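Next up, some structures in structure tokens.
In the two assemblies presented below, subunit A is common to both, partnered first by subunit B and then by subunit C.
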Partner chain A sequence: MDQFLQHGLNALMLGGTYALLGIGLTLIFGIMRVVNFTHGELYAFGAYMMYMLVMLAGANFFLSLALAVVLGVALGASLEFTLLRKLRGADIDTTMLVMIGAWIALQNAEQLAWTGVAKSIDSPFPAAPLVIGPVSVLWNRVFVFVVALALIAATYALIHHTRLGKAMRATFQDRDTAALMGIQIGTIHTATFALGSGLAAAAGALLGPVFVAYPTMGDLAALKAFAIVILGGLGNIAGATAGGFILALAEELGAGYISSGYRDAMGFVLIILILAFRPTGLFAQKERIG
Partner chain B sequence: MKRKAWTFLGATIVCAALFAPPAAAQEVIRIGVTQPLTGAFAASGNYVVQGAKIAEDHINAAGGVLGRKIQLIIEDNKSNPTEAAATAEKLIAKDKVPVMMGAWSSTLTLAVMPKLMEYGVPMLVETSSSGKITTSGNPWIFRISPTSEMEAKAFTPMTKSLGIKKADFLSTNNDFGLGAAKEFSEMLKSQGIQVGVMETMDPKATDFSAQIAKIKASGGDTLFVTTAVEQITLVLKQSKEQQLKARIITTGGSNSPDQLIQQAGDAANGSMHLVFFTPWFPEAVKNADLAKKFVAEWNARKHHVGGLTEGFRGWDGIMTIAEAIKAAGKAEPAAIQKALWNVKVKGINGDIAFIKQGPAGKESAQNIPRVYVVRIAGGKVVRN
Partner chain C sequence: MKNALTALWLAFLASIPLWMANPYVLHILVVTGIFIVAAMSLNLLLGYAGQLSLGHVAFFGVGAYTSALVSLGFSAQIAPGMVAAMDPKPVWSAMAAAILVAGAFGWFIGKLAFKVRGAYFVIVSISFAEVVRLVAVNWVELTQGPMALNNIPPLTLWLPGLGEHAFWKKPENYWLVLAVAVISYIVIRRLVHSRAGRAMIALRENEPLATSVGIDVTRYLVLTTVVSAAIAGAAGALYAHYVRIVDPDVFLFIYTVTMVIMVVTGGKGTLAGPIVGGLIFGLLPETLRAFAIKPEAQWIVYGVLMVMVVYFLPEGIVPAACQWWQRRQASVAAAAAASPSRPAQ
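For the complex of A and B:
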């Protein structure tokens, strides 16, 4: 029973970060129809910015967190501006190839800048875990969980309850009509990509201090994010959030009670099963955006 | 424009012909090196290369081998088995190296091995520990690092002194991790020690909360962990998070205790590590003078202090290869292979010499290295 409770708590903590990774990707993948292979690199970028600000510059932890996200947004915006803007209207294969190239280039740039040695980032939270009866969790993870939920809620509100969100949804529903209504299409594309990138950087900046920062850290994170997006239905923020928690629970219980060798396979087995019965994902009603 | 290009080309050829040294006398001896310089094992692979370069400079400063300078041709296998095989192909077919060193991880080394058979070129294996490497019948393999079986055997007396009653395992899910878990669990069982759960983790994973919860529930007094330093750091931190009481012992020698102290902090205290070089007390190794000199040179070059436990492998490997070329009298694959069988080299780990392993008639060569156990206490590495 103790083990089960610990698995449950672990799944909850992990689910929050998976959801955060998932919603950033679902915005870009689902709404812009761009298969964003750089998502994992933005995640690593966020972690390295934390390392640079906290460990090298000695800045305040929480200020660094905010700055890392801002820098992630800026990197996302410049990627969209320099690479994707020229490819608008190009077929999906071309865009995908360019994004794969950007992924490789970014990962190697990280390696060049920071070397392959993993970097650890100090956090202001107590090293002793929070103990609740038979289970325990790091204070830092509780913080990550809370911030992740807040960011997810803020993103949901942005997409559904602001003019910018409405403009985003309109643009990707019907670009020509949106343009005729006076929406600046170029700005919306950049804003969406920057927002998704910022969320990935936020996940990295939050998790960097929990784990360590290293150049290939984004690979597995991106893979999970893709899984979550497919699970939740493309472009569906609530779906991606639920998908994140479902994947975390499947991994925890699968590893705990079946076999840890298949821990990372559990989630994908689940996806195959769900897609076999609901080809558009668990939560997608129709081809719908938002 | 076209004429200009031709003039330029002509001038270049003339210059090259005038200034090129006579080929035969000055030609360098090339040694191929394939290491993971990018990807998951990048940190370790770069350390091995740094150690190898110290050996290269040392040999060349002393006049080289057979009156010729040596030159390392270093290829990045990107921590990827497919790339590892490709680098071997490139080094052998294009660079015409007569001997190689590589490929760090067991999985990478196993991927390179068929190429050695195909082209008939010997490779010195400086790191990998999977038993399969020297038992699969590849006569071009010369391994200086210990097998997991050797590590387990060296550790046997300590099971009593540590009073181990029940042990659990957490291993990276590849040839290295699974091989070590198999050898160590068999050794423990032969000592009448109970083996609890045997958990694995993806080599790229960072969250092991599920595995640790399961290990905690199993309730062993000792947890054997086999993976590279990055994952060990996280295992230590996350074990502390879940208040795992078991003593953690890491195997495989790619555990860089300095880096663990730096990055896992308090969580590293109390953990024990099997290592093949003890730079903290170089006087403890067999060839202490050599070890001290190497540590001094490493520090003079401002390499990362946590890399010494990997870097020494590069030195030992290249020195062994150089010795074999000297003994062979010529830089040709078959001659070097033959000579390697008889080399006796004073290495940093200890004295290097090869015994036969694997099926008769196509044996691989295996060195019997020394294995040391160190402990982290109060943020310092101490002798056990």
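For the complex of A and C:
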């Protein structure tokens, strides 16, 4: 039972960052109809920015975190502006191919810039874990969890309580009608891609110091984000949040009770099971296949 | 005329090992040829049926592993108290097994994945490849995991005049790959020009309309996947017995991406597209290496090229070249038609 509680707590801590990754990806897909293969690279970019700022420039940890997210937003906005703006309205396969090209170029640029050697990043948290009854958790994981929850809450507030969020939701529901109502679709797309990229960079900047930063770290992160988005339904933010925690739980339990080698396979097994038995995702309200 | 040209082209390809003594160049050509076969199989799904399958390397890898395991023999526990074991079998039967097993995987995945379309299908296909890769890494008893399957025997065939002959050398492997490529090309061409091929193209162009005229869409998609997977499995088997070592890296996503780039650059939905694209992207790395470019920079060039192709040649090289040729012919014909009438003006 204690073991189960510990797995549950670990899943909760991990789920926050998974949810961040999933929300970013699902927003971009829902509003722009773009399957964003650069998502994992933004995640790696966040981690590397932490490395640059904390380890090379010696900046304050928390300031670096904020700056890494801002830089992720800027990179996302420029990617959208240079690559996707001209392709608006193109079919999904076309944008997907462009994003795959951008992903390969970005990943190898990272490898060229920072070499293939994994980089560790110091964090200012005590090494001794926080012990609560039978379970324990590292302080840096607690920090990651709290910041992730705060970012998720901020994203919700942005989508539901601001003018920009309202315009985003309108674009999501019906792009043409939204454009007729005077919404600048181009601006909304840039903002969406920047927001999603910022969330991915935040996840990377948070997890970089917990693990290590390496050039291909984004691949698995992106695949997991896809799994989360499928779990929750493409374009469904609440679904992506829940999906993040479900995937984290499945991985923890899979690693704990089956085999740690198959930890990373759990997400894909979940996707395949869900699509076999409930192809519309766990939380879909409407038919979305076609 | 067209047949003569094809025969000439084939004769040229077949003659390469006779005058090309450099084994490194032959090696590049063999590997490129294997990738071209894989790209041709992907083209069936991507180009003709219009489904962006990003898990194609799974079929290639399953073919490679099956062929390697059957030719080496294996013994592994599949369930508690249940052991699957097999003695080493001749390589030709291992290759046949690879084609069958890859085709069976194709059937299973097709049944499962074609419940969904578009972005969902893409993600399911990636997940499938990733699961197979993780199984190859972790099922050490069967696959040796990251230690890889070593000492895979080369193909041994009874050839007229030579008797039992093992394919150790590069020229004979080159001819073997060429033969498989030609057979695959013929199979794909026949399939595409058959009733099934027309059904595929119909559902690529407009799936609801295709369904409404009575085409069983899922059935044809699954059929396409089976054929495509079987050909990819054959390519994987060729690879296993040529390189003679197979490790879980054959499932790397980057190989799928390479195949996709080959098909898209050459021209998806054309028979010659994957061959043209495959030649370009098979030989390009070697050309770039000649300029002493780091592998990372080479991949950056790949990525940028892919973006450029989508922007400037969205249909691919082969259709663009065909259009250019037709326009040229038309303008020549127009000029010929216009010149006699000029005095009348």
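FYI, the second predicted complex is superposed on the first by the 285 of 290 C-alpha atoms of A that agree within 3 Å, B and C clash if a C-alpha of one lies under 4 Å from a C-alpha of the other, contacts with A are read in each partner's own complex, and residues count from 1 in each chain.
We take it that a contact is a pair of C-beta atoms (placed from the backbone, for glycine too) under 8 Å apart; a residue touches a chain by one contact, two chains touch by 3 or more.
What you are looking at is a predicted structure, and each value in this text was computed from that prediction instead of being measured.
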Clash or fit (per the criteria above) of subunit B with subunit C on subunit A: clash
First (subunit B), second (subunit C), both or neither touched by A:108: both
Subunit B versus subunit C as contact partner of A:2, first or second or both or neither: first
Which superposed partner A:118 touches (first subunit B, second subunit C, both, neither): first
Which of subunit B and subunit C A:219 touches, first, second, both or neither: both
First (subunit B), second (subunit C), both or neither touched by A:137: first
Partner chain(s) touched by A:172 [first = subunit B, second = subunit C, both, neither]: neither
First (subunit B), second (subunit C), both or neither touched by A:275: second
Contacts of A:230 with subunit B and subunit C, given as first, second, both or neither: second
Contacts of A:261 with subunit B and subunit C, given as first, second, both or neither: both
Subunit C clash site on subunit B (candidates 2-10, 20-28, 56-64 or 92-100): 92-100
Intersection of the subunit A residues that touch subunit B with those that touch subunit C: 108, 111, 219, 261, 264
Subunit A residues touching subunit B - in the complex, by the definition given at the top: 2-3, 6-7, 10, 13-14, 108, 111, 115-120, 127, 129, 131, 136-138, 141, 211-212, 214-217, 219-220, 251-256, 260-261, 263-264
Residues of subunit C touching subunit A in the complex: 52, 112-113, 115-120, 122-124, 126-128, 130-131, 134-135, 137-138, 253-254, 257, 260, 264, 294, 296-297, 299-300, 302-307, 310-311, 314
Residues on subunit A engaged by subunit C in the complex (per definition of touch): 29, 35, 83, 86-87, 92-94, 96-98, 100-109, 111-112, 219, 223, 226-227, 229-230, 234, 259, 261-262, 264-265, 267-269, 271-272, 275-276, 279, 289-290
Of subunit B, residues touching subunit A in the complex: 37-43, 45-46, 79, 173, 199-202, 204-207, 209-211, 213-214, 216-217, 229-230, 233-234, 240-243, 259, 262-267, 304, 306
